[in-house]
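Each of the two complexes below includes chain A, the first together with chain B, the second together with chain C.
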Partner chain A sequence: MMINPLLKTTALVAVAAAAAAPAFADKASNTLNVAFTKELENVDSYFNSSREGVVLQRAVWDGLIYRDPETNEYVGNLAESWEWIDDTTLEFKLREGVTFHNGEPFNADDVVYTVNFVADEQNGVKTQRNVNWMESAEKIDDYTVRIHLKDKFPAAIEFLSGPVSMYPNEYYAEAGPSGMGLKPVGTGPYKVTDVTPGQHFVLEKNENYHDSPKGQPEIENIDIRTIPDVNTQMAELFSGSLDLIWQVPADQAEKLATMDQFTVANESTMRVGYLQMDAAGRSGENPFTDKKVREAVNYAINRQELVDALLKGKSREIYTPCFPSQFGCEEDAATTYEYDPEKAKELLAEAGYPDGFSTPFYAYRDRQYAEAIVSYLNAVGIDTDFKMLQYSALRELNMDGEVPISFQTWGSYSINDASAMVSQFFKHGSLDNTRDDQVLEWLDVADSSTDPQERIEYYTKAIERITEEAFWAPMFSYNTNYVFTDEVAYEPTPDEVLRFTDMSWN
Partner chain B sequence: MTDMTDPLMQDVQGPSPRDLLKRRVKGHLGLLTGVGIVGLLVLVAIFAPLLAPHDPYAQSLMTRMEPPVFLGGDWEHPLGTDHLGRDYLSRLIYGARVSLLIGAVAALISGVIGTAMGVAAGYFGGKVDAVVTFLINVRLAMPVVLVALAVVAILGGSLTVVIGVLGLLLWDRFAVVMRASTLQVARRDYVAAARSIGASTPRILLTEIMPNIVNNLIVIVTLEMAHAILLEAALSFLGLGVQPPTPSWGLMVSEGKNMMLFEPWLVLIPGIVLFLLVLAINLMGDGLRDVTAPENRS
Partner chain C sequence: MLPFILKRLGLALLVAFTVSFISFSLLFLSGDPAAALAGETASGEDIEAIRRLYGFDRPMIVQYLEWLFAAVRGDFGESYYFKLPVAGLIAERLQVTMTLGVCGISFALLTAVPLGVAAAVRPNSIIDRVALFLSVAGQAMPSFWFGLILIVVFAIQLGWLPPSGADSWRHFILPTIVLGYYAMPAIMRLTRAGMLEVLNSDFIRTARAKGAGEGRVMFKHALRNAIIPVVSLAAVQMGFMLGGSIVVESVFALHGAGYLAWESIARNDLPTVQALILVFSMFYIVFTFLADVLNAWLDPRMRSS
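Here is the complex of A and B:
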């Protein structure tokens, strides 16, 4: 094999380069060196929308509730218990004796301040959907607090265990989002000792961490650097100046796994890749308004091959317009389309396109997957004019209704409820290219009902119709690879969140 | 009349200019190498459908990134397969079409624009010259890659857009050189003679000026061809040039980049071919200059 000598040379070069690197990663110094691929705009978790932000949020702050990533059970974190007073009021008994990293004690005032601040649209929280279901918070006594909802919102507990974390009222009032971004203060298992915005984050174990379901932190220091290029990340991993990298592409992870100095752990994520088609004809006359054409697209894609050869790991074929673990996402309700290019050609001929047709095809990420998908479409006679755009540019174009077909993905913000995906795209919003009144009606019922059985029933109906009409071509779920040195012990969870508290040295 | 068979006269006459040219060509290794490689790649591009062992678009995800023969692969795919299981040799062969087409057409467009402007400026002088010189300065002040990136980003990448953008951007060197050469030639006696016997301006430009500056033109054409090919590769590498699944060498380098650490041949093969083509075109251009205008050699 040619690979090994080459690898050795590369590793040697990398070692030479890393000799000059500042931090030295190892068990002896009790510092874990981690790489982020993307630049994080602001550490304040309400003012970024990236995966990296979620990772830091879980390390630095706590929510009232915690969802066990293994059992999906909700347990109290900053709250000891909670109950529904009525359909739109939640009451929490808070944990006593918790202090923030700056010494400020945690009590009802912090909850009231945080909730009222983030729920106010004026304050411009980045992902409004995470917080705009809350109306306000009200202090009952020092350790009892009520959160008022704007409307019935069955996923409230899920959101409170996820993106809604508690900030210290006095400090936040003074520092604001930008100050919080530079010197974050929370109750979490790690405190932030140094922030170079977008580049470098240093965390230190919180010795006084309360008895949280997250568990106590073991590793003393976490040193996170932004390294955009995956080849550089791997070179640093070889040289030992990084201990853990994640979101490693499948091909590279496979090669790293054969080197047996690294642990390669693969976990599924909630992100689903799908083709969105303009069934409503928003972009003018286009073939995708015809159900037969949409079915043909569904039959043209070899989902199994995509999963086996490109995505690998714990990815799987998806036929639902949501991720099957999500509440209400009933897989059995979905019509499945087995790979059948002949049938696809027949359907195209029946629809009046015996020689196929030509269409612009848009994508914004995973060029390799997009190319493979385009090639399947080409094979049944759908000629494509491939356009790769930035996410924001494609989103804008899509909102204006100018996209006949595009390769999209949606990660549902790791929210384990079908409303986070199917209701996002089929309720006549600006990104809805289907505009189906029947689906809208059913989703309205499912989204606002507090009866779980009724919710399942109506999501099922919606999924049945969406897949039967082939409005989308859902294809596969994503996975993510975590690669770390043998010195590190860690078991990743399926929600794409790095949990530093779960890591230790071997 | 002189008798051509007179041995004395033959000695005085010496070899004809054509014989001299032939002799210089034969003695110029760089030119021969350049012409050889370029000629070979042109033939490959023309006969791509006959030469390519596979359909360059045929995807086979189950046989992705198979190594080339010299790294332990098999002869089914002599240069291995790419990240979507497409035959690398076939894509390389079809990629030659894209590179040469872009190089040739972009050089043609910019050549026509630049030559017209340069000759007009050099021959007419005065206001025409002032305007052309101004335009050249404006053009020289624009960073080519940046402008090309911006235009392609706005219009969307495709073969036609890339050719158009490069064609409209790369005329500056033509204009500069053609203007200078025309200035030189236009003052010669034979041009004055042609004018004095009443030859029309188009006739003077076509039959008196052009033939005497065409050797400079050829050199610039080759330089700009190489320039356009490299720019296309750069644009495609950045994802703004030719769009997939069209095979382009720049795109192939970009697609192989992520696996560079483990499968370096994915980048090396198209990289080497691109390097060879650009080197050959430059050798050819240099050689043509040496051979056709030896008095200009520095």
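Here is the complex of A and C:
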């Protein structure tokens, strides 16, 4: 729909603000009303790939391990302790006395069934990266289990504390992914009482929730509806039929922040916006194979201005090909390119383009950011043929190596490890437009070493080379806005996951 | 009559399958289905795994024929996105869209036809001007904007109606007005033009001359003749409403078939899009057919042809 969102918003807020009746939150009925923007395909967390799915996954299921979102420390959840038996074997002592929402007791059989099911590629888990590092699981006794890895994989603990959650074996064997999606059963702080696929999800507090590091749920019921239009979400918030909305665009959040009955909380996310350039010449002869041109692009972008004027909130300038909180993503290792259009022009002239050149420029989201970036490039003499494509169409072009330069973003699936970003794009995969053997070699060491110091050392080497060679132009991190009524108490975490256990009534 | 209907039915099926083949090809042209299915967070390896799993690596024509043979047997497959049977998914979403469509067209007809008649009876009067203004405004105002204004006034300021959702009949009032208003101007202008033309014709003068009352002239003689093109238009509008209420469904968070189609295209959910396109084209075909029957009933001259 070609609708100018700014035009819509401004008018709606102006009219609604003048009318602003007091909001009636549902503190009285102990029900928190939340909106999702996107239709979630399947509540079964192994069969969706969206943020809404992650939110429900954290509420309905538990993993063996838990990462504290503030300290980034790993603590046991369904496992009490764990140890590496060798480089590819992890042994877990499981917590006793935990039951699933349907009354099934949790034990080693559940872990073995879940791991063996998701690790089998034939079962078609949607986000293979989350599970394809596991070979199988083996029961030692009722509360001891071993997970065998295919290969050395130091990020295993991070994955086990995030996307890998434990399912009840007997129920899942019978219900399968579709049944699990319609009637989800887990051990988590909330049980699901009603699902209308894609539209409506009703959660109820799990009274028997075990002593988990997630904390005990306080709010009795969570009622989630999918409302695709942000303006309609705001209208619902004004009329009191919603208590919390998230992923609110910066311009709307700014206006809502001026109103007393709402709290606007801003948090950074792991998503990084960057320019990908065809340094390897996959798209044929192109200027970006020249290091000077890539440096010029890096100097041409005014990152601070993009952050201040467009992204706002807790966004920041980024120079690394990963998000700085990720393990191994050392910011000091990166070469920084301060905004310097004159230097950019000089470099272009040195590269043999005194009058600049013209190139196709691709983007798939955030048109207003992409257009701002294009104008910086135009200012130093790089003429752009701007092409906005559907995500899947750009992805296909990119995999076929037909994109000289594009505006890309990557959210690392909230995995707090550099391998989730830098290793996705610089290891000669189908999306690698750099194809640098040296970087590949270092990343192989960093990805498979079990010695944390060695991992940092090799990620650092890779980051130094990637940024020194200006293979990418990393630009900024994203942020997200949470808006809720003054009856709701909540402090969002930087990983873009709504945590219902952290919410309470004021 | 029977051969005529059978011939039309055969033609209709041909149209439906042509449409489905074109849409199938367009979906493949609009982007890699495996990449769309895997989602933005997927790595290159994820996409390759999905491509093999769903058989996207086979020639497009093979995949189309496979779909076609299953569809002919009434099997529309499973939605790639929701992992649920497409038939059930569409049946559920159609309830919302049908309710909205029937309410919308009724609202449009009940307001537009009387206004059009009134405007024709007194051309260039105040009523005519008001009707003209309403139709211009209806054509010019985008439905998302009109919808939001109604939400602000009736749901936020006055608090009479819920802003969005589909839980009760009260949820359908605002979307009905928005959807119906969009179809209103064309129906009204056509009623007015038809009435003006008919009112100036000879047989109306005859009717008046033989002493028929003004009400009888208007409704028995004039409107019955003027309404014929309106019926065809309303049928087309109805088809449009069932397939094209995307904006209204999105603004009012009604999870209907139109919104499902829009989202499924973006998600490259081939089985869902294919089945929806078949359903929508059937709607157009059925409504056009119904319009012909209605016209034949209203106008005896058409029955013989």
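Worth pointing out:
Everything below uses one rule, namely that the second predicted complex is superposed on the first by the 481 of 506 C-alpha atoms of A that agree within 3 Å, B and C clash if a C-alpha of one lies under 4 Å from a C-alpha of the other, contacts with A are read in each partner's own complex, and residues count from 1 in each chain.
Just so we're on the same page, contacts are C-beta pairs under 8 Å (C-beta built on N, C-alpha and C of every residue); 3 or more make two chains touch, one makes a residue touch a chain.
Worth saying up front: this structure is predicted, and the values here are computed from it rather than measured.
In the superposed pair of complexes, A:Ala280 makes contact with neither chain B nor chain C. Taking chain A as the reference, the larger set of touched residues comes from C, when chain B and chain C are compared. Within the superposed three-chain model, A:Asp251 lies in touch with chain B and out of touch with chain C [touch as defined at top]. In the superposed model, A:Thr226 makes contact with chain C only, not with chain B.
Once the two complexes are laid over each other on the shared chain, residue contacts for A:Ala235 go to chain B and to chain C alike. Shared-chain residue A:Val445: touches no atom of chain B or chain C. After overlaying the two complexes on the shared chain, residue contacts for A:Ala351 are found with neither chain B nor chain C. Looking at the shared chain after the overlay, A:Tyr413 reaches chain C, while chain B stays out of its contact range. Of the two partner chains placed around the shared chain by superposition, neither chain B nor chain C is touched by A:Val75. Of the two partner chains, chain C is the only one that A:Tyr391 touches; chain B does not reach it. Residue overlap on chain A between the chain B contacts of one complex and the chain C contacts of the other covers 1, 3, 231, 235. If you check the complex, the residues on chain A that touch chain B are 1-3, 6-7, 10, 230-231, 234-235, 249, 251-252, 255, 302, 305-306, 308-310, 367-368, 371-372, 374-376, 378-379, 385-388. Here chain C touches chain A in the complex through residues 30-33, 35-36, 38-50, 53, 81-84, 89, 142, 144-145, 148-149, 151-152, 155-157, 159, 162-165, 246-247, 250-253, 255, 259, 263, 266, 268, going by the rule given at the top. Taken together, the chain B residues at the contact with chain A in this complex read 57, 59, 61-62, 64-65, 67, 71-72, 83-85, 156, 158, 239, 243-245, 255, 257-262, 264. The residues of chain A lying in touch with chain C in their complex are 1, 3, 8, 11-12, 15-16, 19, 21, 39, 41-42, 47, 49-50, 121, 124, 126-129, 132, 177-178, 181, 197-199, 225-229, 231-232, 235-236, 238-239, 241, 389-393, 395-396, 399, 411, 413, 424, 429-431.
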